[in-house]
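Quick heads-up: structures coming right below.
Note that subunit A is present in both complexes that follow, paired respectively with subunit B and with subunit C.
After this line comes the complex of A and B, so read on.
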């Protein structure tokens, strides 16, 4: 026994898979401790805020500041405003206006802007330009101008009694605050989703729910499959016929179709995460049952089973001591695979809108569903779906890797 | 004493019948894959007799032995136990039958549950014999006695797993099991097939010793006709599932009728030497 475990942990595939899984499990335990709270809380008002650190503007005004004279400050300010697509737009405008293309250097910010300031005038009507386009150029010009400006900002608040503005503070373009002095800073490593919820927090919680669904569904499927397989294989006769009849029915109907039909008929309100887990478990035991049956049929002819019979052991005892240990490793592997299939099945169901109801817990599938519904993939909000995809891939990758590792240990013919 | 066209049985009047069979047939599979492993076989085994069933590999010896043990149901034919039709239809009756009928299987390596320590095998026998579970001293005494009988040291074996034993040790342990159970009928399926000549002699000695001690019937299955000649009272020669010749060992082997028996004997040079010595 200990020897087998040692062997298992000497299989590189198993160890890699195990480490990935351990990492996922650890982050699931540790992250909520570091960042507690409801994962479905809508903290942002907009949707799909991009990943990063958000500093409270309100609080930074109150924070003590220092002066830094940084040579790049102005350039940074401008290039922050000037995206790549803006540069191309500027070039297009200039060409349409009549500047020769050879004079324009896209990567040289200064020369590009010089040309722009020299030539642009919002009153000039370039031929064939739509109104929307003109407005865009006006907006761009405005934001560039504000970036170029060097005068200070004046922050003031309204004095209610005198009903006039009272200056609180002036802000120079060389003023800096230390982020640690700002009372409210929100780190959103994966931004927010369509409802303004912290994606990372949601992801960690979803990962837990999905794994739980996988465990429950996998356990149910393995248990049903094992029981049916053992009974059909060992008892044989009419029991075998009945079980094989049921199994064949389940084999003919693709389990995913069955899953869809059942989930659909349950109705949105009744579909909690555990219900979905049950449904997945009850529709995916078939191949475990078949495989276990095949193994048991070949086992029951072995002489150690015959010897057990001759020793007067009961059916139950023979199954438990003479059959089960021989297929245990196989059952463990089937269980691991079932977990991974169940997680994928939940994701598929949820993406079709037939997953658990959406208000209680996040699952990996639901997160995919939300980001698809709100077109995250179309508006470039990769953070709303890509980490979810990656997590699903990592979970099933690690489970399958562990499985192959186990297979190599238990199945000496596969060993290299 | 006469013998033997196909499937005809010789008889010894003075001994009581113990196991006999009429038209026993076993067919595996169906259609193209149909395989008649045992084909319309008749036999009569008497109490205290040492019977050998001899045949080439694949002639259906093991299948016949499983039928005798009640581990396989014959497709056709009937088995009689002490002259009465054998009834092992219920679990209870089967358990009762197995109290008096035991086996040593052909392959010692697959005869043990590799997950159990070998003590389990012997303890199961003690349980069948009705030794109390709580009586540890008696258990150890009996197991030691059984191991001594087969030249094994119980102290060395206890707490070991089957894969830590050699094939010969496993086979001996199986005989120790028989020693503990003391069944009326023993079906030994090539109990020496995987064992060197020296150990083979000891194991056969043990079987004979057991027969003397308990007075049991031994049905000995082998492909070695020379061995059968030396050891048994009567022999059954099996070819392709059929019994082609049967009778007292001396008569069948020294004076074979069936061509198949002659061929078997010719394949064993030792037999001729023995024969020559005897006839001189």
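After this line comes the complex of A and C, so read on.
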């Protein structure tokens, strides 16, 4: 046994897969400790906030500030406002206005802006320009002017009794606040989803649910498959015929169709994560049953089994002591594959809107479903779906890798 | 020919049995399970109706319309009779359009998308798999994990990734639909061009996924065959490498063909979901609409059609297999 385990851990493929899986499991355990709370809490108003660190504007007004005279502060301020398409728009305006193209340097912000300030006038009518376009340039000019401005901001609050504004603070353009001094800072490494929920927190929790679905479904499928396979292979006769009849039918009828029909018929209210896991388990045992049966048939006529039979051992004892150990490695591998198929199946079902009921637990499939419903892929909110996809792919990749690694250990002909 | 006849006879009997089982399942499952589709429909229609007797009236009306108040076997025979005539009832969500009409519109999109994609993916995958097994070393070390990773991505995931990269970022392919939204299906150059440009992304997303899965399987099959005695023997005999690879390819291919017959169902399932990502006008999108609008007749008919398609395809592959596998050919001479 120890020898086998040692051998397994010598297979590079298994080790890589194992490490990925261990990493996923560890982060599932550790992350909720670091960042506790309900993963489905809607913290943000509005959907799909970008990933990053959110600093409370309100609190930073109260924080003590220091003065830094940074040479590139003004440039940064302007280039923050000036996106690539704005630069191109500015260039187009300048060309239309009559500046020669060779004078314009797109990447040099200073020279580009110098040309812009020198030439732009909102009253100039460039030929062939629509009103919308003219308004766009006016807006652009205004936002650039506000970025150039050096006057301080005045923050005030309303005095209720006198009904007038009382100045709280003036903010210079050289004032800086240390982020440590601000009371409320929210780090959202993966932003928020369509409901304003923390994607990373949700993802970690969803990963746990999906793995649980995978485990339950895989365990059920393996158990049914193993029982059927053992019975059909070892007992043979009419039992074999009946089981093979059922198995043959279910191999050709796509399990996807069965899954669809069953989860639709169960109805929205009954569809919890564990129900879905059960349904997936009950529809995906066929492969295991077929393979176990084939293996058992080749074992049935071996000498040690015959010897056991002659000694009058019971059927259960023969199966457990003489047959199971020989197919154990295969069953473990089938189990691993079942887990990864079950996770994929849950994701597919949820994409169709047939996944677990949505309000209680997040699953990887549900996260995908919501982000697709709110068109995250069309409006560029990659953080809402890409990490989820990557997690699904990584989980099933690591399981597949472990499986290949095991295959090479137990199946010497496949070894490198 | 006797061997063939026996083989085909057996296969056809199985086809018929599975077909009957599929129809039965399609009929029985919704009736056995706790949820009551008619209750769901009633709840939808009776929204805002507060009077209990009115709701009951609506329920009974639907019950007699769908015939669920008749005994089970009567229902089953009328179901079969209508299904044989291609009559699957009326759709709820697109009332009063018949279900068969919706499916008729969608089915060719799905067949034309998935059939070539799965076949091409299968060929490329098998070719790369043999190559990886034969060359080994660097090629295999790099390709093998890539294949595995590709086969681990769900089909809809690949669809989304391709959509975002080529449809939205590079803007070289349209992002949704089967043809331009401003066109009406016809045999004009403009329409066909539009169909082809919309075809690329869903097509390649399915191809890429099946390449991964097939290559992994073919690689281990080929490695298995390369270690077989006949390969070693041929090597001792001094037969040139290319010829040996040819033998290995043929032998490793056979299990792959049966593998294809058996996995067509799974592949179609994945590919159907990726149709949704592109809003491709095929059966996948129809299923999605049926689910979101709780249109039971449509869903049930669609799943039945998909099952029949998969049955026919796997039967077809079994027939082809009979002509390729020398062991079945040999059975003729027994």
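In this section, the second predicted complex is superposed on the first by the 409 of 416 C-alpha atoms of A that agree within 3 Å, B and C clash if a C-alpha of one lies under 4 Å from a C-alpha of the other, contacts with A are read in each partner's own complex, and residues count from 1 in each chain.
Going forward, contacts are C-beta pairs under 8 Å (C-beta built on N, C-alpha and C of every residue); 3 or more make two chains touch, one makes a residue touch a chain.
As the structure is a computational prediction, the values presented were derived from the model and not from experiment.
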item	value
Broader residue contact with subunit A after superposition on the shared chain, subunit B or subunit C	C
Which superposed partner A:60 touches (first subunit B, second subunit C, both, neither)	neither
Contacts of A:377 with subunit B and subunit C, given as first, second, both or neither	second
Which superposed partner A:261 touches (first subunit B, second subunit C, both, neither)	second
Contacts of A:313 with subunit B and subunit C, given as first, second, both or neither	first
Partner chain(s) touched by A:209 [first = subunit B, second = subunit C, both, neither]	neither
Complex interface listing, subunit B residues touching subunit A	66, 69, 71, 91, 94-95, 98-99, 102-103, 105-107, 110-116, 121, 124-125, 127-128
Subunit A to subunit B touching residues, read off their complex	302-304, 306-315, 321-322, 325-326
Contact footprint of subunit C on subunit A as seen in their complex	245, 248-249, 251-258, 260-262, 264-267, 270, 340, 344, 347-348, 351-354, 368, 372, 377-378, 380, 382, 385, 389, 392-394, 396-397, 400-401, 404, 407, 413-414, 416
Of all residues in subunit C, those that touch subunit A in their complex	14, 17-18, 21-22, 25-26, 29-30, 32-35, 37, 40, 136, 145, 148-149, 151-154, 156-157, 160-161, 163-164, 168, 175, 216, 220, 223-224, 227, 262, 264-266, 268-270, 272-273, 276-277, 287-288, 291-292, 296, 299-300, 303, 306-307, 310-311, 314
